[in-house]
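Shared between the two complexes below is chain A, which has chain B as its partner in the first and chain C in the second.
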Partner chain A sequence: MSENSRGYMLRGALLNNPVLFQCVGLCSIIAGTATLKDSLFIAVLLAADLIITCVIASALLKKIPRYVRIAIYLMIGIAVIYPVLHYIEEKTLIEITLGMRIIIPLIAVNSVTAVHCETFAVKNSVKSAFLDALAAAVGTGAVAVICGIIREVIGKGTVGGYELNMKFTMSTMSMPFGCLVLLGFLAAFIKAGVRFSQRNPGSRSEEDGPDRPEEISLDIGSDDEPEAVEMIIADYDDIDNILSSTDEFLKSLTGYPGDVNGGDGE
Partner chain B sequence: MKMITGLLITALYTVFVQNLVMTSGLGMSEAMRISPRPNTFVRFAVMISGFSTVTSILCNLIASYTGSVRSYAAKALIYASVLAAVYFAVAFIANIAVKDKEITGILGIAALNTLVFAVPYINDSAAYSLTDCIGSGLGAGFAFVLAAALIGSGARVIERNKHIPPIFKGTPAMFFYVAMISLGFIGFTGTQLF
Partner chain C sequence: MASESKSSSLKSLNIFGDYLIMLVFPCALSVWYYGMPAVRTLAVTVVTGFICDFFGSILVYKKFYAADLSSFCASIMIALMMPAGIPAYIPVLAAAFSVTVIKIPFGGGMQAPFVPAAAGFAFVAVCFKDEVFTYLPGREYMGGVSLGSTLMHGGAMRMNGSNILDILTGNIAGPMGTGCIIVFAACMIYLLVRRREALLATAGFLGACIIFALVFPRSNGSRLAGMIMELSSGSLMFASVFLLTDYSALPAYRRDKLAYGIFCGIICMAMRKLGAFEEPVCFAVLLANAFSPLLDILTKRIMDFIAPRKQRREVSSVE
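Up next, the complex of A and B:
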């Protein structure tokens, strides 16, 4: 993998994780990751939808008006999801819950796809769009699987359907509450990891460092975004003001003078 | 009178008891991302109400005309086609008639999100009548306003709080806060928590 590709992967999957730091694709993660099996379904289908839609958007939809493109994303999503749902219904060997039969089609309208297509794919080459979508899919999929495992273990006392004979279980973990708490800890864990690597620059190689702004250029809220794109992502500038440490986090990653060492006057 | 009562009961149930944003995570991304902008999220919620009501009515009419479709794959195709058609018609008219770029800009996200797309499924699984479908569609928009308002006000308090450890500031604290509100709404449904 080239250095540029590594940069895309690191940025898209970890530092700029769609779920944890952009707050997109939350519905699929919250509603569809109560068990490991469900989360694997969600991760694979979301990746397929995201990659196919971004590649098509980059290759064919650049000249089409934005309001038409958004409807096309939905139809591409359904074209990806429909055969899978149809196959699941035909082959009764694959058992999924009634809830999942409703949640799976919702992947067609997930916000990860819309945001990545509009902010990146339609402005870049097919290869770049593919890499960006792949990185986002890996990041989202990893979060889904981690949530699936932990929620199933704590919520049901099983993993992948196998009984763990746990002394107690907490059914709240199967609810949105459990998933949101987990997402909070995952986001904090990544932030702590980045902080640690910033404080100990010798603990990693020079090549893969997230503090190289020329490679890991985080373009959220940048001035060169067209007005329409700013609308679709609901004005990241405002949200960054509210979610202040995300802003601080991004600044520290790009080497912006700020609270790199965590001393914010507490 | 009975029809209006039914509509109101369904709408109130959708907003306060079965708040789809808080109890199912539907439209959670949009609620979290748009909550710091009260002027925008009210307009956004009106659009969500409009799209979910119209889509619900059309899906209900299609179901009553063609008979109950059992296949979930077929339902997905029908609901997506109806939603795409409604969105496309509204967006086309808005692009010609409305010059406000903010409205046309958020129209796509207001129409094509998990909350609006899920409403016809919920109506179908609950076997709602046409009146109930209208109530459920309107309720989805109000549920979004309530969720976005709660998230937005909490986000401002979190931003000002100096006692939150640095690594938990921002999205981690927001997730914890939204988790607490979600737990509160789950309490209304009577679900056993432990």
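Up next, the complex of A and C:
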């Protein structure tokens, strides 16, 4: 893997993790990762949807107006998810639960795909879009699988359906509330790890150094700042792009200057 | 900034020191009634709260102030709301949850948007409902059946001098440190002297609970006896003194404090009447915390609506 690819992977999967730091795609992760099996389904389907949609968006949809593109992402999502789902069902003979049958179609309209297509794929080459989508898919899938394992072990006392004979279980972890708390802890641990590596630069390997993209550093604040829950979004340009594109979209729809910044545009 | 956090810590010491003084008496009574199980529950909860606070502060690169007694108070409150013979891991989990999920992420006991003790108890109440609401028998009266359980099944009791004394002194089955009404009355007097403003929430809460209990009785006996049972059951009085007056979530203005207490009382009694939990006061407190900003806006609008009408009346009376 080249240095550039490694930079994409590190940024997309860990430091700019879509679920933990950009807070997109939370619905499917929270609703669908109560067990390891369900979380694997979510991870595979999200990855297929994200990678294929981003590659198509980068290759074919650059000239198409934005509001048409959004509908196309949805169609691609539906076209990708159902064949993949049927393939998995036929090949593995795994029975999908009723709850998952409600959640899976919603993956077609997940915000991870929309954000990565609109902010990156349609502005970059196919290779870059593929790498970015792959990194996001790996990051999202890893979070889904970790959540699935921890929630199943603590919430049900099993892992992958196998009984662990635990002394007690906490049913709260099987609820969406438990997943939210878990996501908060995962984000905090990654933040603490990044902070630790920044404080101990000697511990960082030299090979990560030269081609490391600029935007992978996290804004972790200084020691004197009051401790509070802060949503970390590493790449602020993405948000600006989303806001400006929404602005354009509102203008094209209504004829009035849309103001999504909620003020005088400052 | 460091001096600010130090002054905040001193303020926290001042406030939670008062609560610690008040908590001594329920702790002593729980040890008197239940002996070693109560000591063990209190000890493991407090130690867990301290350890979580210490290591949590290290994890978030924040200086640990031993003088910040918020986690200490929250741990004791959690222990007192538990039954005495509960397995040790349950209060341990509750204390760990209250400190690591509620207190530390929001910057300390004075900044938490929810009452940490209520959140910790609610967490284990959802996870371990059977264990949390199964009580050891009191020393003399009613065996292992709590007042809350009696009310939940529509039961009633005849009040006489003997059982009223048992109820007032907490000598009945229930949470190990939340039964003695006399102690909480004394705590209210202490609060009246030290922190009078905080008692507005307590007054609103108790007023709403009394009215609700009289209008919608759960027992099949007299309304007055039912109301006394409602007030004496579970952790209601304890919550009115310790959870409702928690400074982290208490609104700033007097009218908002009163509205906060009334709202919490209505929710608590509605949950008792309709809900599945024997003691839902912690859930009611958490809901009131969540609705607190909305209540502030609502009371302000009501006051703004009432004030011009008063002015118009005054003008017309002058004319």
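We take it that the second predicted complex is superposed on the first by the 198 of 266 C-alpha atoms of A that agree within 3 Å, B and C clash if a C-alpha of one lies under 4 Å from a C-alpha of the other, contacts with A are read in each partner's own complex, and residues count from 1 in each chain.
Everything below uses one rule, namely that a residue touches a chain if its C-beta (ideal position, glycine included) is under 8 Å from a C-beta of that chain, and two chains touch if they have at least 3 such contacts.
On a predicted model such as this, the values are computed, not experimentally measured, just so you know.
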Task = Check the residue A:181 against both partner chains and state whether it touches chain B (first), chain C (second), both, or neither.
result = both
Key: Partner chain(s) touched by A:114 [first = chain B, second = chain C, both, neither]   = first
Request  = Identify the partner contact of A:105: answer first if only chain B is touched, second if only chain C is, both if each is, neither if none is.
outcome  = first
Task = Would you sort A:82 into first (chain B), second (chain C), both or neither based on which partner it touches?
result = first
Message = Going by the contact rule set out at the top, does A:192 touch chain B (first), chain C (second), both, or neither?
response = both
Chain touching more of chain A, residue-wise (chain B, chain C) = B
Message = Under the stated touch criterion, which partner chain does A:27 make contact with: chain B (first), chain C (second), both, or neither?
response = first
Inquiry  = Quick check on the superposed pair: does A:67 touch chain B, chain C, both, or neither? Answer first, second, both or neither.
reply    = first
Inquiry  = If we overlay the two complexes on their shared chain A, which of chain B and chain C does A:170 touch? Say first, second, both or neither.
reply    = both
Note = Where chain B and chain C land on the same part of chain A: residues 170-172, 175, 181, 184, 188, 192, 195, 227-228
Key: Residue numbers on chain B that touch chain A, as the complex places them   = 22-30, 32-34, 36-37, 40, 71-73, 75-77, 79-81, 83-84, 87-88, 91-92, 94-95, 101-102, 104-109, 111-118, 121, 125, 152, 155-156, 159, 162-163, 166-176, 178-180, 182-183, 186, 191-194
Query = Which residues of chain A touch chain B in their complex?
reply = 20-21, 23-31, 65-68, 70-71, 73-75, 77-78, 81-82, 85-86, 88-89, 98, 101-102, 104-106, 108-111, 114, 170-172, 175-181, 183-185, 187-188, 191-192, 195, 227-228, 230-235, 238-239, 241-249, 259, 262, 264-266
Ask   = Where on chain A is chain C touching in the complex?
value = 167-168, 170-172, 175, 181, 184, 188, 192, 195, 223-229
Message = Applying the document's contact rule, which stretches of chain C touch chain A when the two form their complex?
response = 1-2, 5, 59-62, 87, 89, 93, 101, 104-108, 111, 123, 126-128
